[in-house]
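One chain, subunit A, links the two complexes that follow: it is found with subunit B in the first and with subunit C in the second.
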Partner chain A sequence: MRHLTKIAAVVGVSALLVAGCSSKPGNSSSGNGSFNACMVLDTGGVDDHSFNQSSWAGMKAAEAANSNVNPSYVSSNSQSDYTPNLKAETSKGCNTIIAVGGLMYKAVASIAKANPKQHYAEIDNSNQGLKNVYGLQYNTAQGAFLGGYLAAAMSKTGVVATFGGLNIPPVTIYMDGFWEGVQYYNKTKHANVKVLGWDETKPQAGEFANSFTNLNVGRSISETFISQGADVIFPVAGGTGLGAGAAAVAAGGKVAVIWVDTDGCVSAAQYCKYFITSVTKNLTGSVKQYVDKAASGSFPTGNYIGTLANGGTGLAPFHQWNSKVPQDVKNELTTIKSDIISGKIQITSPHQPQ
Partner chain B sequence: MTDTASTPARTDSPPEPGLGERTIREILGSSNAAVTVLAFVAAMVVGGILIAIADPDTRTASSYFFSYPWDTFTDGFKAIGNGYWAMFQGAIFNPHTAAQGTLSGYLGPISETLTNATPLILGGLSVGLAFRAGLFNIGGQGQIIAGAVFAGYVGFAWHLPFIIHVIVAVIAGTIGGAIWGGLAGLLKAKTGAHEVITTIMLNYVALNALGYLLSVRGFQAPPYGQAISNSVDPNAMLWKLFGSSMRVNAGLFLALGAAVFMWWLLTRSTLGFKLRAVGANQFAARTAGIKVERGYIVVMLLAGGLAGLAGVTQILGTNGQITGDIDAGIGFDAITVALLGRAKAGPTVLAGLLFGALRAGGIQMQSNTGTPVDLVEVVQALIVLFIAAPGLVRAIFRLRGSGGGGEALAKGWNG
Partner chain C sequence: MSVAVQDPSRPEPFVADVVSRRMSPRRRIGAGIALVVVGLLCALLLGLGSRAGYDARFDLANGGEYFTVPQIVVPARVSAFILGAVVVVLGCYQALRGFGRVGLRWAIGIAILAFLLTFLCWSTTGAPDQHIDMLGVLEQSLFLSIPLILGALAGLMCERSGVINVAIEGQMLAGAWAGALVGSVVSNLYIGVLGALVVGGLMGWLLAVFAIRYLVNQVVLGVVLNVLALGLTGFLYDALMQPDTATLNSPAVFQDVAVPVLSQIPVVGPLLFDQTVIVYLTYALIIAVDVALFRTRWGLRARAVGEHPRAADTVGINVLRVRYRNVILGGAVAGLAGANLTIGAIGGFSKNISSGMGFIALAAVIFGRWSPRGAVAAALLFGFASEMQNLLSSITTPVAIPSYFMAMLPYVATIFAVAGLVGRVRAPAADGEPYVKG
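For the complex of A and B:
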């Protein structure tokens, strides 16, 4: 025991010696900006590979573009932290406070009413008619519509599939768009591509993993789909969706995946080979844009709705599938995109932000 | 007096208490206030070191420790000072907001402390009451969720007159929690299933049932945009004590009333005596003619009801809408509150206030200094850890005294 202590002490001291021997750096000037952009994160932490992380990335991007921006964040351990976090940030002297997550809408509304001079922004909810709140919402049904059309066009078996993490609107809006995209393909091409796992007209009967983190459930759902003939899968389930990637590997190239939220070839690069593309929700870009404008002194007002038109949602690059997707299909996607933007194609998902 | 033949499945267990049970008894039995205070001090010191380590400036300075050693210490102490000062501002008094001259500027931090303390006290009483009858109630989370769902549903689906609505909603929530807790008691009494297993499993049942409810129309709030329930009627909300700008509410009185009830129950009532007898030694209690199985059911009903009340204060006191994490980790923090409070009513209230202050302060600390709010959880755990090892605290602070175990046995743990 005594020997062990001695050894531990020697190791510790030498670690300190090694660690402590570098020289003093010059004064760096990072984090000295005068525009305090504060963010109240939702539960899950800043490194959740999803919502919080993409939003915070927008803040960092704004800092990189404008050294005057001084970003900071507080995280919430539960919904009970929303109000105290918003209060603490308000009393701290932030130039703007960005609330990440639609569940915060009540807390944001009440604190924004009580502090009419403080600027707020809220992600995934409207500004609720408040002048000092900027709402950022995303009509991801539009991007998913393109994904559904692409899936139908790429399917050899005539069966495509989708599943969600939970049966909640931020998830099912993607599945609605995907389903509608496939229906549109069937209508224009007189085809009969089937969608497994979701039918917009029967919203209680979809396929859900009840988890955003359980890869194994995602894999077993995907393998069930594959056994029913599906060869393109669109998982809307965060980390659970990685199970679709694992199932695609196991299927040996017969099955492809369309990733969700972020560009899968960046966020889940190990499966890039199987990702035709990704349906994106551009949190990072829109947060950066907001902070950029706010830092330049003109706070945007009203609501931002991320659409195909403004790049708030869309398809990521095809990466390794670029040569495999026929030029005809690429052209059709371009046409559909402009038709959705012009309103020629109407998306009927009830979950779209107004 | 009563038959012992009907005793299910437990007759083969040894009359010696298990290791876990003995440890709990030692913690609950050592009622030395000095040890508690010093455990807090020791935890704050370790917490301070962690704040310094979490501070980027200090970490940078430590990398050139041998050329400018003083930098590490000045940066470290600055970080610790700022961190604890921010905690004080968030929990007790904030001169910056007080300078605005408004009432909420002065009382805001105290209001936050009391708001956070309310469900913690109720949860702590729930766990503590079960401890006194020899049961580990790990099911606070499920019972809080059940309480919040019952109270919340009555709150938004029914429309009753002022005052009556809130009373009915509070009772509904208490019943919800009592059912969830009583279920575990019933399983233990009838089948001998260990309450640690059943309460943990019931946590998952409650959590997933809540997840389902939040996707059901009628429960979910329009325009069906998020996993969040309808808003509770204003009539069913617990009254705000210091006006609408501060969150502290009448739930605090529910917590204090529950504490008085628990004190009366355990020290003044026959039922409480029986429950304590069951907790002290179930075999002796059974020999003395106490219906041990009934005691399990009753104590879990009561403990569940208390945790249900914690859910009530969450939904009717602060949040107003149910979401998936309405329990906010209180079910588990309640265990540490109960241990710090030695499973006694008065000390549990104090422990709840302390942890409420730490939670309120932690939010401000995160906001002002960027120190992760999880540090507060670490400090809470350290306090209980130091109390669990009274010998360690005595050694650190060179206190005299007998070993913790002997003292606990000598004093008895019924206090």
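For the complex of A and C:
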């Protein structure tokens, strides 16, 4: 009995240890360059198929382009890791430190103030007026506007739908753009396509899963949309959004999905058949661009805002839908894109970065 | 006010005997006034709140039935007035004369139904020609309830024999992971279900060993096991499944199997008899657990061990063995709930896919007064309320309902229903008490 207790305790503790160490701390690439680009990741790990992964890919791309760049990252297991991670990286001697995620903004601000000579960059937040911080932001409402227009054009039932993970600005900016895109379609085509789940003029309401991990609720919300007539769904809910893919499979081809953040045919390839396209947020490209410039000695200052004009947001390729999207619609999307860039079409979402 | 003592040989009724046989006038009038208020809410707030002249439309068919139930079209405002008036009349009668114990329960049930129907009518009048696919709503309610029902049955099997199971969430998560992995590797969903049952059972065994043999505080233990399952499945997902998704995390999904004849009955057919194998298994389990718990030797012993282990021991029941068996079986059922989340609905596993459903299942056990029927009713109620949240957020209501209010709707609805219908609950007397012989 005594022995068993001990063995059980050892097994239990080691299992917890294994589970606790699931993130690989302080990964350092083999590169022996002299420019140390360090990244503090948000929770979810470097293989999260989303945010962290895309940002880290930007670091790797910068290394591939310039062997002088020596990228490394640390993971955060919870929000309480932000400050210790940023501090550790600061004392490690990094040339620049990139914080992934707007949730880190307070930690970044306090550490950047305390270390005015250290360069920082933060994704999804402005530089908060600090000279040694570079803010990387994305006006994804522009990309989502194209997605909304496309959804309205592809819908046979005249009903499209969107839902979010939480009612927070990084999510609702997409939903705003989507809604506006559908309204623009209705205006120019004298159509009456309905949007379920979101109305920019009533931002307190809307359909939210209140989870980024509950795929079953994502599927259920999508099925509810489908039974209310929707045939194109735009989930802005991370993993929960995969439930829309499962609902599309169950609907057997009657329903299509527009994916979000990354190219869905790459990040969730099992549902590629149902993805018309994806509204992208080009984390990889903008991180690479920043590291490129910083490594060449000229640290960019101020803020970067990803737009349709600079490729910071946009639509992914149509992949398997390439032949199904009519050429007229493709042409219209090109026109709308240049109209948004030129300012002829004004996006009204209140969540756009300034 | 007294809680009626249950005859242990008979199944407990699911609704509590909260009301003593002779109700005090104060209580009688209070209940009556509450009903009148609900009736006035229906008629005035929802009736006058819905736009005049709008019809509420409900669909109850999807085309494959023997005959198609026509779309139900009712004038929203008039319906609200009529339903509200009915509830007000019920309330007045209750306040003046008083229904009996059973009658009042029926009256409350009617009031809740009337409120719900009025609310639905009101919600459709936000835009012209809006309809609600009621059949779809019911189907989704069931879809959201199935993992809760299975989880609640798992909790029930443990708690009835005296072991608190806070680890339902962890057992579900482990089962979800195992179901996806095994189902993917062997390309056979039935073996995937088997894998989920085994791994869920293993999680149950862990709970049993520490709770029964080492007498660890069962609530703390359950929380620890949940964290263990979350960390372990997350780690194994990153380390094992991610690098080779195609072979390790790409299981098929159980398809709906229509039961001949039964599936073509209007409303009930498409709702209950066009489902996946796991759902049919759930129906069987509900009946099996209910019958076994109250009508078999196994059930009698399990309940005896959960209520008074010492007495059970003196008549020769092996208390610890009964507890071990029930906790492991419960874990396996929770594993099945997990399998339903992956191969029963979505396919692949992803981190924290159970997302707290195990805790809701645990709540359903308690709200259902530790009885299978009650737990199933509580799980169905929660599923229905969650689906109402989805539905009301997707249609245009006359007044935009804030999303944060919607997020709490399932919980608020459950609390109200429990307060109105269930009343005081009593756990098995030895629930959470480790048994030490001697």
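Simple rule for what comes next: the second predicted complex is superposed on the first by the 325 of 354 C-alpha atoms of A that agree within 3 Å, B and C clash if a C-alpha of one lies under 4 Å from a C-alpha of the other, contacts with A are read in each partner's own complex, and residues count from 1 in each chain.
Going forward, a contact is a pair of C-beta atoms (placed from the backbone, for glycine too) under 8 Å apart; a residue touches a chain by one contact, two chains touch by 3 or more.
Worth saying up front: this structure is predicted, and the values here are computed from it rather than measured.
Thinking of the overlay built on chain A, is A:Q270 touched by subunit B (first), by subunit C (second), by both, or by neither?
So A:Q270 only meets subunit C here.
State whether A:Q228 touches subunit B only (first), subunit C only (second), both chains, or neither.
second
Thinking of the overlay built on chain A, is A:A191 touched by subunit B (first), by subunit C (second), by both, or by neither?
Neither: A:A191 stays clear of subunit B and subunit C.
Given the touch rule stated above, what does A:G239 touch, subunit B (first), subunit C (second), both, or neither?
Touch status of A:G239: second partner only.
Which partner does A:K202 contact after superposing on A: first (subunit B), second (subunit C), both, neither?
A:K202 contacts subunit C only, not subunit B.
Looking at the overlay, what does A:N167 touch: subunit B (first), subunit C (second), both, or neither?
A:N167 contacts both subunit B and subunit C.
Between subunit B and subunit C, whom does A:S220 touch in the aligned arrangement: first, second, both, or neither?
Only subunit C; A:S220 stays clear of subunit B.
Now for A:N210: first (subunit B), second (subunit C), both, or neither, which partner does it touch?
It touches subunit B and subunit C both.
Shared contact residues on subunit A, subunit B side and subunit C side combined as an intersection?
In subunit A, residues 16, 19-22, 167, 210 are touched by subunit B and also by subunit C.
Please output the residues of subunit B touching subunit A within their complex, sorted ascending.
Its residues touching subunit A are 60, 62-68, 71, 90, 94, 96-97, 108, 112, 208, 211, 214-215, 224-228, 231, 245, 247, 314, 318-321, 323, 325-329, 360, 363-364, 366-368, 370, 372-374.
Which subunit C residues qualify as touching subunit A in the complex?
Contact set of subunit C toward subunit A: 132-133, 135-137, 139-140, 143-144, 147, 209-210, 214, 227-228, 230-232, 234-235, 238-239, 242, 250, 253, 341, 345-348, 350-353, 355, 357, 386-387, 390-391, 393-397, 400-404, 406-407.
Touching residues of subunit A toward subunit C in the complex: what are they?
Checking each residue of subunit A against subunit C gives 5, 8, 12, 15-16, 18-22, 45, 47, 161, 163, 167, 196-197, 199, 202, 204-208, 210-211, 213-217, 219-221, 223-228, 239, 242-243, 246, 249, 270.
In the complex formed with subunit B, which residues of subunit A make contact?
16-17, 19-25, 43, 72, 74-75, 77-81, 83-85, 87-89, 91-92, 102-103, 105-106, 114, 124-125, 166-170, 210, 350-351
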